[in-house]
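Below: a set of structures, written as structure tokens.
Both complexes below contain chain A, partnered by chain B and then by chain C.
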Partner chain A sequence: MAASLRAWMIVALAATLIAPASGQAPAAGNGTGSPLRFAVIGDNGTGKAPQYEVGRQMLATHATHPYAFVLMMGDNMYGSQKPRDFVDKFEIPYGPLLRMKIPFYAALGNHDDPDNRHYPHFNMGGQRYYTMAKGPVRFFILDTNFMDAPQVRWLDAALASATEPWKIAVFHHPIYSNGDRHGPNVSLRVVLEPILIRHGVAVGFSGHEHVYERITAQKGIPYFIVGSSGQLRRGGITPAANTAASFADDQAFLIAAIDGDTMTFRAISRTGAVVDAGVIRNRNTSEQ
Partner chain B sequence: MATHTHAIHRPVSRPHDGDLWQRLVHGVLDRFLLLPIGAAIALVWANTAPESYFRLSHALAFPVNEIAMAFFLALIAQELYEAMLPGGALHGWRHRTLPMVAALGGFAGSVFAYLLYVNLAHEQMLVPAWPVVAAIDIAAGYYVLRLIYPRRSAVVAFLLMVAVATNAVAITVVAVQRAEFSASPAGLALLLAALAGAAMLRRRGVTAFWPYWLFGGTLSWLGLYWMGIHPALALVPIVPLLPHDRRAGEVFEDRLDDDPVHHAEHEWNGVAQVALFLFGFVNAGVMLGHIDTGTWAVVVAALAGRPLGVLVAVALAVTAGLHLPRHMQWRDVAIVALATTSGFTFALFLASAALPIGAVSEQVTIGALLTAAGALVTLGLAWALGAGRFKARREQWRPHPG
Partner chain C sequence: MPKAAICVARPLGRISHPRGQVPGHGRKRRGIRPISRLFAGIRGAPAALAVLLLVGGAVAVSAQWQAPENLAVQQFIQATRDYAWLHRRLESTLAPLEVTSDPAAIHRAIQEMAAAMRAARPDAAPGDLFTPAVAPELRVRIARALVLHGYTPADVRAAERAEGVDPALVPLRVNGAFPWIYGTAMFPCVLQALPPLPPELQYRIVGDTLVLVDVHASLIVDLLPSALADLTDR
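This part shows the complex of A and B:
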């Protein structure tokens, strides 16, 4: 009972932090002092009704919580990936957002054609892995299908040279997970985690497991799995001690707002229900 | 100072039948079973305490895969090189044409099946793993056929030729495909210096192997590493320059530790076995939750694509005028085709060489392990067709009238 009450209080607190004042549409955040808001989707590109419904919910959410861009966790496209599929599995479901000039930034999942990195709407600049800065945040988008030595060296160097207070890692295969289908990729964890810790990465975002899960801070870094924005493995998670929250009853996506040294977040279901919410502090800035 | 020859060839003295433990150890070492043992330990560890396993395996990956494996690959090269010398099981050009055609068919069949599978599944991310599916486990195929056919059977020699040719092509593809590959003149110079050094040692009649490995091997390793070619191949070019023994016996057959060359071979075999165990341990540890499309694509390519490719290629070659080896029937060709299905050791080697850590490597590695099932399928077919030793056994099982 107490846990349930605490959960609702966290949701209410996050809603207060994220939500704009009534009747006003706040700025999405572009490094000019207002919070930087962004959305996160993963394993979305099915082209089926649930993906479209999530797309509509993202649009509705944008009306009240205008986010500046969308991060895609990979498996952006399932099955056939011909030009028509880019329309059916991406441009139509997210059409209203695209028309509002909201950019999408994609990571590659195992079901993606590597050539999709050239697709202009994924904003990957033709690269398998890349970095981009938005206001106080630098994102590091990785290709965990092939975590080769050049990519590891690049990540180490790019993180070392980043000056932004927030560093966020984005990669398809989760290094912590309690999903029933795949579980964590521990081989990747052994390679990636020391680098992420050494350079003060604040948050990690992944997909792959077709559920939503938030992992408690592991060696200082909390992780999100947002892998149910199109696909869904209903009930496909067995929460463990490191599960902060999970949701596998319906498709979901996430919105986040970074303001100062805090990141507030809300996980929202296909029907618009807030299924998780909370606040994360940047371990770098908050310790100073 | 050509080939080092010996009059006596017989299997090394075996322990007494009653000494079960010694027989077991001998059997494990003779049949390269340390690799599956290392693989089994890795699989159990990776799926029970993954973090400690992957920390250890990643730390060992370079010394094992890039250095220690050089001794195993050189051992295989030595066995096959000697088998091709006069008196060896694979000697004679006329035996080689049809196996080469079969190898080509098997290679094309496995790669075609793999690419077809991943394309039908729309999994383009898996395409770069295609050379892995061409690999054939030479030792696994050899020992499966030895369970079916007698010593020095044409069927066994046929399989060895198919496997050697296929793996040579696959290893070359992977070696050149590596991202770091460059035709470095300095690397080439080191390789040539290694060969010249080994040739000089042989001219001086050096029978111990360690000077060849220490001087020639080190220079060759550095040369290949510099050129971005997999350095585990470093000792292979040195092998033809070693003191050699005609293989009147079988490939992989152990021999008496009766002279410096055989003694050196015994020591070498010990090092290679340790390398093989470590190789299985380092590379076979995958979490079974990562089974995915790539896993099944590898299995289908090995268990269906390759045998079909071998059969079709041999059928076309025979139609074009080539002949099956003496004492070999179509039934035997079918069994050889199935005996090529296990990729295991060489598939793991190619996967470790061609694919970096990541999701694709994990899917493919599980597939490579599963291809070991091809050995059972081969034995089942041999039983069903009454091939080799199974002919007599089937007769025993057949009910007699009256």
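This part shows the complex of A and C:
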């Protein structure tokens, strides 16, 4: 009962923080004072009805919570990746958002042809790993299919030179997960985690496991798994002590807003239900 | 030196991970004890001896792992560089693959690149780069990397099975297109142990086969069968 009440209070708090003023859509955020809002999807590229329905829900959400861009956690396309598939598995389901000039930024998943980095709507600039800044946030988008030494060195250097108060890592394979299918990628964690900690990364976003899960801060870093925006492994998670929240009953995506030293977030199901919400403080700025 | 690796293969292979999950890309493995508990029931000198043997073995493996590249490996690295040089030379004769809003153009450019590489290497065959000289070294490196990080070949196979694709259904052949449908990703620890590659090339493991892929042409460059050897079987 107490836990349920606490969960509702968190949802209410997050709704207050993230919601726009009544009757007025706020700016999506450009780093000039207003919150930076963005959406997160993962493992979405099925081309099937649920992906399309999530796309419609993302559009409806944008009307009330206008996010500036969308992060893609990888597996942006499953199966065939011929020209027609770019239309069926990406351009149609997210067509209204694309026509509103909302950019998508993709990470490569293990089902993605690496040459998709040349597809302009994925905004990868022809690179399999890259960084981009949005207002107070710098995102580091990795290719965890092939975490070779040059990429590790690049990440270390790029994080070291970043001056933004928020550093967010985006990569397909989760280094913490309680999903039943894959579990955590411990081999990747060994390589990645020390670098993320050393450079003060505030949040990690992943996909791969076809569920939604939020992991409590691990050595200071909270992690999100958003891997059910197209694919879904219904019930495919066994929550553990480090599970802050999980949802595997339906497809889901996430929206987040960064304002000052806080990031508010809400995970939204295919049908529009808020299945998780909360606030995360930037451990770098809040410690100062 | 290989003997030391054999000694530690099994104990290290039983290292547990959070909630009994197989690390890396693997599925959960229930009922495995954390390494600290491996010694829970052992007391006194036997325990100390076991720890010393394990640590000594691990150090020996690590020392071997970081040894200078032998001649066969150096030749392999040079062969990948030669391949990359050929790739770049041919690429310069084709229309550049640029970021374009036309996926068909991307697809066409990749196909043209693959066709050019096939034309330049019409007789390419398994073993051209993964030569008989370097093949055993690569197999041992993969096996050692897995052992050193508490994995077994079964973990790698389990990761593949989790993707739901049966390698037997999609044949692999040199100069053929690499099927990304496999959804394979490399264990970082294995990647660290293998020789570095130029940007045009990446490794993948499909079934028990190590595949060298030209990722700018989605082309299979070479195949190393039985790459997932178990050190304890050797």
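Annotations for the structure displayed:
Methods note: the second predicted complex is superposed on the first by the 288 of 288 C-alpha atoms of A that agree within 3 Å, B and C clash if a C-alpha of one lies under 4 Å from a C-alpha of the other, contacts with A are read in each partner's own complex, and residues count from 1 in each chain.
Note that a contact is a pair of C-beta atoms (placed from the backbone, for glycine too) under 8 Å apart; a residue touches a chain by one contact, two chains touch by 3 or more.
The structure presented is a predicted model; accordingly, all values stated were derived computationally and were not measured.
After superposition on chain A, the partners chain B and chain C are seen to clash. Once the two complexes are overlaid on the shared chain, A:H121 sits against chain C while remaining clear of chain B.
When the two complexes are overlaid on their common chain A, residue A:D249 makes contact with neither chain B nor chain C. Look at A:D259: by the touch rule set out above, it reaches neither chain B nor chain C. In the superposed model, A:D156 lies in contact with neither chain B nor chain C. In the superposition on chain A, A:E164 makes contact with neither chain B nor chain C. Of the two partners chain B and chain C, more chain A residues are in touch with C.
By the touch criterion defined above, A:H182 reaches both chain B and chain C. Contacts of A:Q81 after superposition on the shared chain: both chain B and chain C are touched.
In the overlay built on chain A, none of the stretches 20-28, 110-118 or 326-334 of chain B clash with chain C except 110-118.
When both complexes are aligned on chain A by C-alpha atoms, chain A residues 79, 81, 110-115, 144-150, 172-173, 181-188, 190-191 touch chain B in the first and chain C in the second.
Against chain A, the residues of chain B that register as touching in their complex are 46, 50-51, 53-55, 58, 122-125, 128, 179, 286-287, 289-290, 292, 355-363.
Those residues of chain A that touch chain B in the complex are listed here as 78-81, 108, 110-115, 143-151, 172-173, 181-191.
Considering their complex, residues 17-19, 21-28, 97-104, 106-107, 110, 149, 151, 159, 162-163, 180-181, 183-189, 191-192, 196-197, 199, 202-203, 215-216, 218 of chain C touch chain A.
Against chain C, in their complex, chain A makes its touches with residues 75, 79, 81-83, 85-87, 109-116, 118-121, 125-126, 144-150, 172-173, 178, 180-188, 190-191, 238, 240.
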